[in-house]
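Inspection log for the structure reproduced underneath, given as structure tokens.
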């Protein structure tokens, strides 16, 4: 299932909702979408909604870490919510959760 | 996605719920399951629930027609409900709908 | 530039699904609609099912599925080295089957769901089925 | 009796998903749990991604994925005819990468998610990655 990306601009942050599979191919599209929307909306804080993300591998993790670097330079904050199952396990295994908070809900993610 | 079959015995009929893909491989399992449950429950009328059926091809159709022949010999009645999208189109294209009523709901299927 | 793939499977019923998902994932690179992709799945399923059911009676053999995606055109080839078909025109007719319990609709579905179907076969020479389908430009 | 499959792809990023779904469908014939199948998908994705990203710098080449399912054992082999790896032991270490922006976690994930990993490679000789995973007997 190819990746599908949508965005929503809130008062204080930008949400990018990622559904499908975040692999090498999708990573490129993800990078462009996030960088474009951050620039276009002048957002500093980024929330990634992984509720409908069904797959991630190390290329997808690389794309997330790359955006983390962008956000830190702004400087802004970044958090992830809705990740479950194997996606969550991989985020934890790779130590992403030490850098970027993994939250259950959008509300939690917006306040950390 | 492999096929998954469950059954439910009602007062007047047996329901077989088919989810996943009904192809050559699944057809065999389908045949055994239906024939076994018909015999075990002494049912005469069969309802096939295709709500969660995502794929069917000519091998799957063959398995359905085979059961139609079994039911006619009892003699009993057979109907299908819940088929949507491409599954429905294929049932219609193959003329199955001329032999076996295609209904929207279980209730309709039980009363035809 | 054109993309291509090749898939080799044994003639077993549980491999038909492997061919189906692989080809659907490959075809999804072109701009087919979801309903097109469903149709491609059915056509691939029929062609591979035929190789599994008919090509190697009482034995196991290889089934080779290959595909190219070039511009808007998907080409799928399903090849076996089995017994072959004595009369291809007769075999392609609706309801023709040499196996009781089967529908004789395999070729009919391949033809209905793809734009083009070629069947090349001779007794003892195996069978090659070639199917083509174009994706239409999407509205919007 | 053992089942086997072979898949040949071009080294393009959009083919990684084709390999993943085909291998997952093949592996599903053994009694792996859903979580096992997710892990196999990640491992296959990493191995094919490496061939796509590293084997043919600035060029396109072939990636061959093959698998066997024998009893409770799945074996997956991912082979390219690319530039090869000068120091395999170094390459397998966590965080080692020759490409900025990548994580250096490919081999780590293959190792974590499969039972066994062998990497055979030499400069100019291409790379072959062999991974094995057994399904455990299911409770119930």
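Letters A, B, C and D name the chains as they come in the text, with residue numbers starting at 1 for each one.
By our rule, a residue touches a chain if its C-beta (ideal position, glycine included) is under 8 Å from a C-beta of that chain, and two chains touch if they have at least 3 such contacts.
Note that the structure is a prediction, hence the values are computed from the model and not measured.
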Item to check | Farthest chain (mean CA position) relative to subunit C | outcome: A
Next on the checklist: Need the CA-centroid distance for the pair subunit B / subunit D, whole Å please.
Outcome noted: 40
Next on the checklist: Counting only Cα atoms for the centres, state how far subunit A is from subunit D in Å.
Outcome noted: 26
Item to check | Interchain centroid distance [CA atoms averaged], subunit C/subunit D, Å | outcome: 27
Checklist entry - Which subunit A residues touch at least two other chains? => result 2
Next on the checklist: Can you list every residue of subunit C that touches 2 or more other chains, as numbers and ranges?
Outcome noted: 14, 17
Checklist outcome for this item: Contacting chain pairs, sorted by label, are A-D, B-C, C-D
Checklist outcome for this item: Interface with subunit B, subunit C side, in the complex: residues 13-14, 16-17, 20, 35, 38-39, 41-42, 45-46, 49, 52-53, 101-103, 105-106, 108-109, 112
Item to check | Sites on subunit A touched by subunit D in the complex | outcome: 2, 21, 23-25, 28, 55, 57-59, 61-62, 65-66, 85-86, 90, 93-94
Checklist outcome for this item: subunit D contacts subunit C in the complex at 1, 3-10, 12, 14-15, 17-18, 21-22, 25-26, 29, 60
